[in-house]
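Chain lettering (A, B, C and D) follows the sequence in which the chains are written, and residue indices restart at 1 in each chain.
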Amino acid sequence: MYNFRNDYSQGAHPDVLKAVEACNMEGIIGYGQDDYCKKAADKIRTACQAPNARVEFLIGGTQTNVVTISAVLRPWEAVICAETAHINGHEAGAAEARGHKLIQVPVGADGKVRPEQIPPIMERHEDEHLTKPRFVYISQATENGTVYTKAELAALSDMCKKYGLFLFADGARLGVALTSPACDVTLADMARYCDAFYIGGTKNGAMMGEALVLVDEGVQKDFFRLKKQMFAVLAKGWLLGVQFDALFTGDLYWKLGRHANEMAQRLQKGIQDLGWELMVESPTNQVFPIVPNSMLKKLDGLCYYETWCPKDADHTIIRFVCNFATKVEDVDGLLAALK
Amino acid sequence: MYNFRNDYSQGAHPDVLKAVEACNMEGIIGYGQDDYCKKAADKIRTACQAPNARVEFLIGGTQTNVVTISAVLRPWEAVICAETAHINGHEAGAAEARGHKLIQVPVGADGKVRPEQIPPIMERHEDEHLTKPRFVYISQATENGTVYTKAELAALSDMCKKYGLFLFADGARLGVALTSPACDVTLADMARYCDAFYIGGTKNGAMMGEALVLVDEGVQKDFFRLKKQMFAVLAKGWLLGVQFDALFTGDLYWKLGRHANEMAQRLQKGIQDLGWELMVESPTNQVFPIVPNSMLKKLDGLCYYETWCPKDADHTIIRFVCNFATKVEDVDGLLAALK
Amino acid sequence: MYNFRNDYSQGAHPDVLKAVEACNMEGIIGYGQDDYCKKAADKIRTACQAPNARVEFLIGGTQTNVVTISAVLRPWEAVICAETAHINGHEAGAAEARGHKLIQVPVGADGKVRPEQIPPIMERHEDEHLTKPRFVYISQATENGTVYTKAELAALSDMCKKYGLFLFADGARLGVALTSPACDVTLADMARYCDAFYIGGTKNGAMMGEALVLVDEGVQKDFFRLKKQMFAVLAKGWLLGVQFDALFTGDLYWKLGRHANEMAQRLQKGIQDLGWELMVESPTNQVFPIVPNSMLKKLDGLCYYETWCPKDADHTIIRFVCNFATKVEDVDGLLAALK
Amino acid sequence: MYNFRNDYSQGAHPDVLKAVEACNMEGIIGYGQDDYCKKAADKIRTACQAPNARVEFLIGGTQTNVVTISAVLRPWEAVICAETAHINGHEAGAAEARGHKLIQVPVGADGKVRPEQIPPIMERHEDEHLTKPRFVYISQATENGTVYTKAELAALSDMCKKYGLFLFADGARLGVALTSPACDVTLADMARYCDAFYIGGTKNGAMMGEALVLVDEGVQKDFFRLKKQMFAVLAKGWLLGVQFDALFTGDLYWKLGRHANEMAQRLQKGIQDLGWELMVESPTNQVFPIVPNSMLKKLDGLCYYETWCPKDADHTIIRFVCNFATKVEDVDGLLAALK
């Protein structure tokens, strides 16, 4: 069975695992107060060209999203996000469970929030019987595998500044986004245009862990207490620092993203050559073929994938995902079998 | 510097780490739906003699405490706990942040909640202008290193049943509790007397992870959704299953607890031989000497430890902790140096 | 200036105010434990033909909605409602602030949730990474002035039962709904088809107050504690009982609703005779004309009304509301002036 | 039966009720945006000598306490209060339900928080694994009927300023506090020393309603949205403004407080003359006799009162309350009967 189910079937990249093993019995101070975390944070700050950013390591994506929302928003303030956003559709109401309303905007197949969608929302919410929008949540790459370009990010950032909105990017797949040929955005651009964003580890070579970059200085204060309250302080916090230190040694983090993209692009092209249509042409590590329902049985015996959503009565959109560990033989093997 | 700071200075026990490495690149289904989690859960259910229990793996202790509270309580219901309880004093208001009041009971140096403390609380809370107590939180071992005996646990359980209270034991240190010579409680007893409890991994040989045993069937329903909402579903959930599978292979989990106890008892005895007094005589892996303040400087140059609280104007209670990795040479070395 | 702004420009109906005055200095037990509340609850239970219902008096509509949601839902459960629902668009995130996600369904100009909209939501939410829908919120009359017929209510109730969903009707405008010629639903039908609903006082002759009818016995337990926690226990709780007792003396409550409807229908017909179009033909006390923007200035000098939303570049939907105190001279006066 | 049960057995003072009647059918804009609210707020601002304060009318005491806490605190911040504080013991966990921990300080029979209790709490909470204390809650008068003097208030305010703590006074009984001969505090002093406080209407002549004075300008922003979210915006908000306008016309508010005090002092003196002991000598409208349990039956047949708490095996502390409507004949009648 070929495995294209998701980004986290494998554990850590061997280099990352080796780094963990190397310090496993060292005896290190807890709660992320250690030197590995400091070193990893320094590397990330440098790579972001954001010397005043606070870099925090958290355990998973949902947690990182909601901790940031809790750090920024007051109880009457709300989040603007795509209706397809991960926080809206895949996090079991975690943001609402911390008290915050999500104001959903309709999006097309590319899953992107557009700057022009902001003003009508802000206008409607001048009515004080409604929540006050204060936070815009986007994903880079999006749930649908697409990327915001530098121009798109800059335009969104300008619009957010105009309305006093905090711009946050969920970077669970930042590794594939910033290494995609379709994307001209650098890590420094992310720090320039976003008030906060995270660099996803779980989906790009770490066992677990996300590096949150708090560019905005206003939300940095008391952040440890909030992390602690929201279960985001790992007792052996150095486990996260060590992994990000390894990922940001040399080019590793970006190499892994690039590999996942290459595998996915090879798969996507092969699938198009087969004459299948796509939900959207993805420039990153996810591929969304539209499959006749009659083929699903056969696919089930051939590989692991995820059902995305029904397309029409006879077709289903499915998702293939490549990651740092995907082998070219598997891509080619699946394509050959599909023929 | 000798390191007696806490239970989590080291990563995973080598056997546990090896198990993780072995399946690191295997390609496993996510979110804890994998066979390692199933296998580990089965082993734990068997060890608990609780075939109908649901065993869930979570990431850390604060999270496990608060997820359980959220699973059990309705918004107007409250937790009874010792004023020294971890959820009250060390979790940054995590329980309250999910909406629940903690009703604190005064405890002595042994840190234990007594059955006779329950009835007056229940009586006072018949007044419907107050919250309704519904959950009793204890720790086995306690924050102060002591253990509930089987008789104490049974008596508390009886009292809880009488008042319809859910009895939960925080087992962050269950490994040292159940292997302490002072403790006649078995894992099966825990499952018999508690409605839920957890088996701590983080402080006893795992990188991270706690195994929550939901004995009560009423709270098992929909538990995954709650875990997801509260960031307790690890994408690579098999990482937790693999570790607990290793810890419950042979006697490993208990061996590690036993070792930590032996080291701590050796240290405690040595300290008493030095003529120092103790806050409480601990039968587990924590030691609480009362130290003249004039000695603290010297200690600071000698070893890592934690300041517990002031005893009086001239003395401070400190804490030494041993764990699975503590070496006998370190215990003896510290004792020699203290002389 | 003619006043058609909303349903609550006037205080209490004179009969209601007289009842309050009559017992003002009587010296009555607090917190709604008094005989006036008991008597009013009995009358309502009888009118509902629901002898096992618990009737509770709360202060306002938003509060009644959210207290009921909190009584029914567990933290991982969600509410299904129209995207135009009052709890979604006009309550400043009050439901989310108590932790609950709102799953919005698109609705037409009549603002009604349809039974066939439920199954696809339930299917999608079988995915345990999402919240679990457990509560359907409708309004009778809707935000748009329309009413659910008995057949519609029965069909929705059937669908809810099929999926284990709790059906709740916001009855802020129940007085006008059940007295509308377009509505064949009785109070007993409300109790038959809904698991809970409320009888709005604020918008139909009371100073303030809503009578919540908890038909479902499962949510009745501990309700006082939840009310207290959510500020819904008025110290002088008898104030609410006295008002509902007066409203349910004779036909008063329904007479007031009928009057508001008659005034609004007269106004609506007059407006149609003027050749204006309507957003929706409302059978109750709200009227929604589509007005050329050029006329708005003139209207502003003539009467109080509310801007509903833009229709297109040149037209705006506005809202006129009649209530128990609206005078026929005012309706005719406005119509004359509009000519 | 003589009625000394509590402060809210009667409705509104006749002058207040008359004011409500006078404008009942006037047709007034909703949600507290009316001129009555503006006028009442102006009067209060003037009386407080606090021209930049924002004055908001809310419905009840628990609500006012918790809305203010929600306005001030971030999720990781906590409230310091007396263990006997109303928010701790009588509000069904309302503060915790909004996510905030209460740090309780032990108090004596006078129920007062002392400045010297603050520093050790602040020191202990420098540990970032704990919540951050940010809000001190006191009551003027206290639950036990005592009052903070100007010197006490100033000292507490100084200590709060030193630690960046927000000082809030629950003024449910401010009317009796500031008119007590034992109290040298003026309304202007309240505004000078507190960052916010409220002037209780419910217990001093209003049907319901509290006037919250937000002296601190930082918490004034967006306050309406928070009120709306927390059910504190009354649709017919003018009802609250009209009542406070009446209460602050002439000396009415203070006259009512003074009367309640005089009745209570007469009762307290009479009781002492009978040879009964008191829990505390109260200078306001509550009286706390210590009664032999053998007398309780007789009392039950004679008057309404509240059981406060057991004193010892043979005695119970009870509470008598006088209010604006208490008659001297009732006081003397009860005293005569007690002889």
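The rule is short, and it goes like this: a residue touches a chain if its C-beta (ideal position, glycine included) is under 8 Å from a C-beta of that chain, and two chains touch if they have at least 3 such contacts.
Given the structure is predicted, the values throughout are model-derived calculations rather than measurements.
With contact taken as defined at the outset, chain A and chain D are each touched by B, C. Of the two interfaces, B-C and A-B, the higher number of touching C-beta pairs belongs to A-B.
Taking the CA centroid of chain C as reference, the farthest chain centroid is that of B.
When the contact pairs of A-D are matched by residue number against A-C, B-D or B-C, over half are shared only with B-C.
Chain centres here are Cα averages; for chain A and chain C they lie 42 Å apart.
Chain A and chain B have centres, each the mean of its CA atoms, that are 33 Å apart.
Our note on geometry: chain B versus chain C, Cα centroid distance of 50 Å, whole angstroms. With touch defined as above, residues shared between interfaces to two or more other chains in chain A number as follows: 75-76, 91-93, 97-99, 128-131, 225-226, 228-229, 233.
Residue ranges on chain D touching chain A, taken from their complex, read 31, 70, 74-76, 98-99, 128-132, 222, 224-226, 228-229, 233. Those residues of chain C lying in contact with chain D across their complex are 3, 5-6, 8-12, 14, 17, 20-21, 23-30, 59-63, 66, 91-94, 97, 202-203, 207-208, 225-226, 228-236, 239, 304, 325.
On chain C, the positions that touch chain A within their shared complex are 75-76, 78, 89-93, 96-102, 104, 128-131.
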